[in-house]
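What follows is subunit A paired twice: with subunit B in the first complex and subunit C in the second.
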Partner chain A sequence: MRLSERIIEKMLVICAAIALLGIAVIAVFITKEGWPIISKIGIKAFFLGKDWTPTKGVYGIFPMIIGSIYVTIGALAIGVPIGISCAIYLAEIASPKVSAIIKPGIELLAGIPSVIYGLYGMTVIVPIIRDLFGNQGFSVLAGSIVLGIMILPTIINISKDSIEAVPKEYKEGSLALGSSHWQAIIKVILPSARSGIISSIILGMARAVGETMAVIMITGNSTMIPESILSPVRTLTGNIGIEMGYASGEHQKALFATGIVLFIFIMCLNLLAKLIPKKAGA
Partner chain B sequence: MRKLNDIKIITSSRIKERVAFFLLWIFSIFTAIILVLIVSDIIIKGAPHISLDFLLEEPRKMGKEGGVFSVIVSTIYIVVLSIIFAAPIGVAASVYLAEYAKESTMLNIIRFGTEALAGIPSIIYGLFGYSFFVFFLDLKYSILSGALTLTLMILPTIIKTSEEAIKAVPKSYREGSLALGATKLQTIRKIIIPDAIPGILTGLILGIGRVVGESAAVLYTAGSSLGIPDSIFRPGRTLSVHLYTLASEGISIENTYATAVILIALVFIINFSANTLINRIFIARRR
Partner chain C sequence: MGSVKIRVKDTNLYYGNHHALKNINMDIYDKSVTALIGPSGCGKSTFLRCLNRMNDLIPNVRIDGEIQIAGNDINKYDVILLRKKVGMVFQKPNPFPMSIYENIAYGPRIHGTKNRSKLDNIVEKSLREAALWDEVKDRLKSNAMGLSGGQQQRLCIARTIAVEPEILLMDEPTSALDPASTMKIEDLMENLKKQYTVIIVTHNMQQAGRISDYAAFFLNGEIIEYDKTEKIFYKPMDKRTEDYITGRFG
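Here is the complex of A and B:
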């Protein structure tokens, strides 16, 4: 091999490693900034502390952890049934004409920036909730609805791919035994596509947990633990997003510490999605 | 008697199927309707406020009056700069992954890094960019800090799309080129990359789409200053950040929606071009 080719090959390796380097540097810097405050106030006080009052130097992120969990569960409750139904419909039933309309729609839904979702949630969904329930509208419910919509493309695309990857013979065998198409879907196709559908839900979950701007605009951001789905709520991402603008000193470090929690959470979800066996029928 | 029972079972399963398919249809149509609702709401409220003046005037009074000219300029700066950084790195990485890398632990780690990078929420990128580019490298709030942060963010998209495009180049092309005496690098440069160009471009366009739509990662790296940045070392405000600021601070509902319309139009154009390219690849492959 010529020398110049060798040099270029080495450069290609370096480029390929930049993404890896990036994730390492991100982990190091978030930890470097955030860890000192966690170790100072204690892991227990930081994770389980119910009070977040930066002006008094009290940093407990328990309400935000609960907030993220509530909003994410709500988003899944809305996004999973709709998303999986849509995936089944597109993969198994839809005529090419109908898919030709819905598929680009889903791509656009995925491409719409989160601030647009936030704006729509703020000006349309929040007022509807306010009129219906007489609360202030900014709530767990509003966050769940908007996040439920935002995770649809993730769930639909991955589930659809895994349903389409189920070998044709499975379905044909089931139909040949006299089952209806619907019975074949429920009893044969969906169980075979299970692993892909579960990954789609986990990745949708990761998207809901990580979403920031849309959530800030519609959840009300109160640091209290929400009492019901109509109460305002603040998520981990919201906590960082709102206060980064003016925080300094120890307060700012506490936001990086919130970032550590978020980072670990997301990495766990992504690992989980990766660990699920990919093969149909597995 | 048994026969009648069988018929009953069959009819009931037919009815069940009808109901189930109808529900699935409703949910699918619902997904399309959501999109129409969101987009039409924003266009109806925003389109009347769009004018050439709005596009070409500087924002006044924090965006309450005037247009979005400087915001558009900052957005273009950040998009162009991010692509300048991310395109060569991303394409080079994908060439390595598709053409050189052999299955090994190192390769698996690199792949894991790329996938993990794709999953990180934008606010974490914001935190990282703030502590690393803005302070550690002392680039301050600037177009450059923002673009570098976004480069990392869009790298996985570009790598993945380009890698698939390169892998889809037929094996016979490589063999033909190598058989004629070309070196591996010559084959990549003269045969593989040109053939994979539409796929690579699709990756870049999707990357642009993410940059345009991003707010959390830009706000804390490029800042939210409203002036036209006179160099990449100056702060600037992108369309998404502008929209967020206008909406969350309730500065001007007209300008909020007008900005939203511009943003949606950009996203549509970006999606449309990516789709056109993808379709072209399909047609070319079928030939």
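Here is the complex of A and C:
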């Protein structure tokens, strides 16, 4: 092999290694910073403790775990039906002209900074909820709606690609048996695209769990376990984002510990996405 | 000679500006096998797909003329009923990625059969008719993608039969199969024509000679000659037919 090629190859390897190194450094760093406080408080007290009062040195993140789960479920409840429907529409029904209008819109949706989503939630969604339900507006519901919109591009794009990857012979086979287009979609095309659609949902979930700024701006951030979808809520990401600015000492370490939990959440979701079989019908 | 099942009158088809089928007139007879032969790109498959209106799926296709099935204009049929009546088997076996049982039950289900024992009967009957039952009866629940190519194609035939069509369209059904599987399907066609009107597109002259009762020779979107198979093969009227059959071109 020529020397220049060998050098290029080595450089590419180094670049790939840097990406890997990045994740390793982050993992080591937050573990090193956060773990001592978890072991001091006790795993059970930290994870299942319902009280988060840094001023008294009480660190229980159970409300935030529940908060993240609630808001994520809410976001999926809103984003998954809309996202998959939109993917079906784009892949199967829309004319090329209509697609050409919708696709850039979706790409734009993916590119909007999350703080803008937060602003929109704060000034539009929150007041609507306040007027409708007479609560303070900042709530699980508000967070779910905004996150539901934020995860749409992930779900739409990945689902659409997997629907389009279904061999057209399946569709023809179904139509030739006298099925309607809709029956072909529901009974043959979607089941064949199942693995890609599930992956899209998991990746959307990871995005919802990890979102910080927009969530802080619209969920109210109370450290109580929410009683209903109209109650304010604080997520794991919100917990770190709000308090890191002024926290010090043990309090700061407890926030790193929150980061560990978040890290584990995201890793599990990514692992899950990897485990989904890629092939249709497998 | 049986009664006329399909009557094609003055049919033209255009893909955009391309005149793909030119003035097709053809009577296709009930309970017989009609072979469509001719070189690649001559319009045989396009013609076949007119009969169950699969060309409707392609944008920019324009068809004029009239095609009647049992005396009724196919454009006046509900397309779903038409395709139930006119089944189609494709060149590449295309079983759905689900179990063997579900593949067969798919058609009857979408047409409203829900009763489990009825479905069981249809599945067994269809698989028997397609000469596949003995090979798969112990693994109806396993995925159809695990079958061999020849088995998959017979499964597709069984799937088509399961909705009780009157006409079977076959678009080069054996071109992706090995000789042994091809022979099984040819044997099968002997039986199928007792119940169905079979129209088959094939590139294999021996196959057309072996299995068909009538044969139509297509060239550049026209029917050059259409007659009983033995006539087409042994006493062709047109020089071009003779050249093609004897392998001088195509």
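As a convention for this text, the second predicted complex is superposed on the first by the 273 of 282 C-alpha atoms of A that agree within 3 Å, B and C clash if a C-alpha of one lies under 4 Å from a C-alpha of the other, contacts with A are read in each partner's own complex, and residues count from 1 in each chain.
The working rule: a residue touches a chain if its C-beta (ideal position, glycine included) is under 8 Å from a C-beta of that chain, and two chains touch if they have at least 3 such contacts.
Just so it is clear, the model here is predicted, and its values are computed rather than measured.
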### Query
Who touches more of subunit A, subunit B or subunit C?
B
### Query
Which of the two partners, first being subunit B and second being subunit C, lies in contact with A:A176: first, second, both, or neither?
second
### Task
Scan A:P127 for contacts with subunit B and subunit C and give back first, second, both or neither.
neither
### Message
Which partner chains sit in contact with A:P167 here, subunit B, subunit C, both or neither? Use first/second/both/neither.
### Response
second
### Message
Output check: A:G57 vs subunit B and subunit C. Expected answer is one of first, second, both, neither. What do you get?
### Response
neither
### Task
For A:P191, select first, second, both or neither according to whether it touches subunit B, subunit C, the two together, or no partner.
second
### Message
Looking at A:G42 after the superposition, I want to know if it touches subunit B, subunit C, both of them or none. Which is it: first, second, both, neither?
### Response
neither
### Query
In the superposed arrangement, does A:G210 touch subunit B (first), subunit C (second), both or neither?
first
## Note on the structure
Note: overlapping subunit A surface for subunit B and subunit C spans 180, 183
### Message
Residue numbers of subunit B touching subunit A in their complex, please.
### Response
13-14, 16-17, 20-21, 23-25, 27-32, 34-36, 38-39, 41-42, 45, 88-90, 92-93, 95-97, 100-101, 109-110, 112-117, 119-128, 130-132, 136, 152, 155-156, 159, 183-185, 209, 212-216, 219-220, 240, 243-244, 247-248, 256-257, 260, 263-264, 267-268, 270-271, 275
### Query
Any idea which subunit C residues touch subunit A in the complex?
52, 54, 57, 80-84, 87-88, 90, 92, 94-98, 106-107, 110-111, 143, 145, 156, 159-160, 163
## Note on the structure
The residues of subunit A that touch subunit B in their complex are 1-2, 4-5, 8-9, 11-13, 15-26, 29-30, 32-33, 81-82, 85-86, 88-90, 93-94, 98, 101-102, 104-109, 111-120, 122-124, 149, 152, 156, 180-183, 203, 206, 209-213, 216-217, 237, 240-241, 244-245, 255-256, 259, 262-263, 266-267, 269-270, 274
### Interfacial residue positions of subunit A with respect to subunit C in the complex
167, 169-170, 172-180, 183, 187-188, 191-192, 280-281
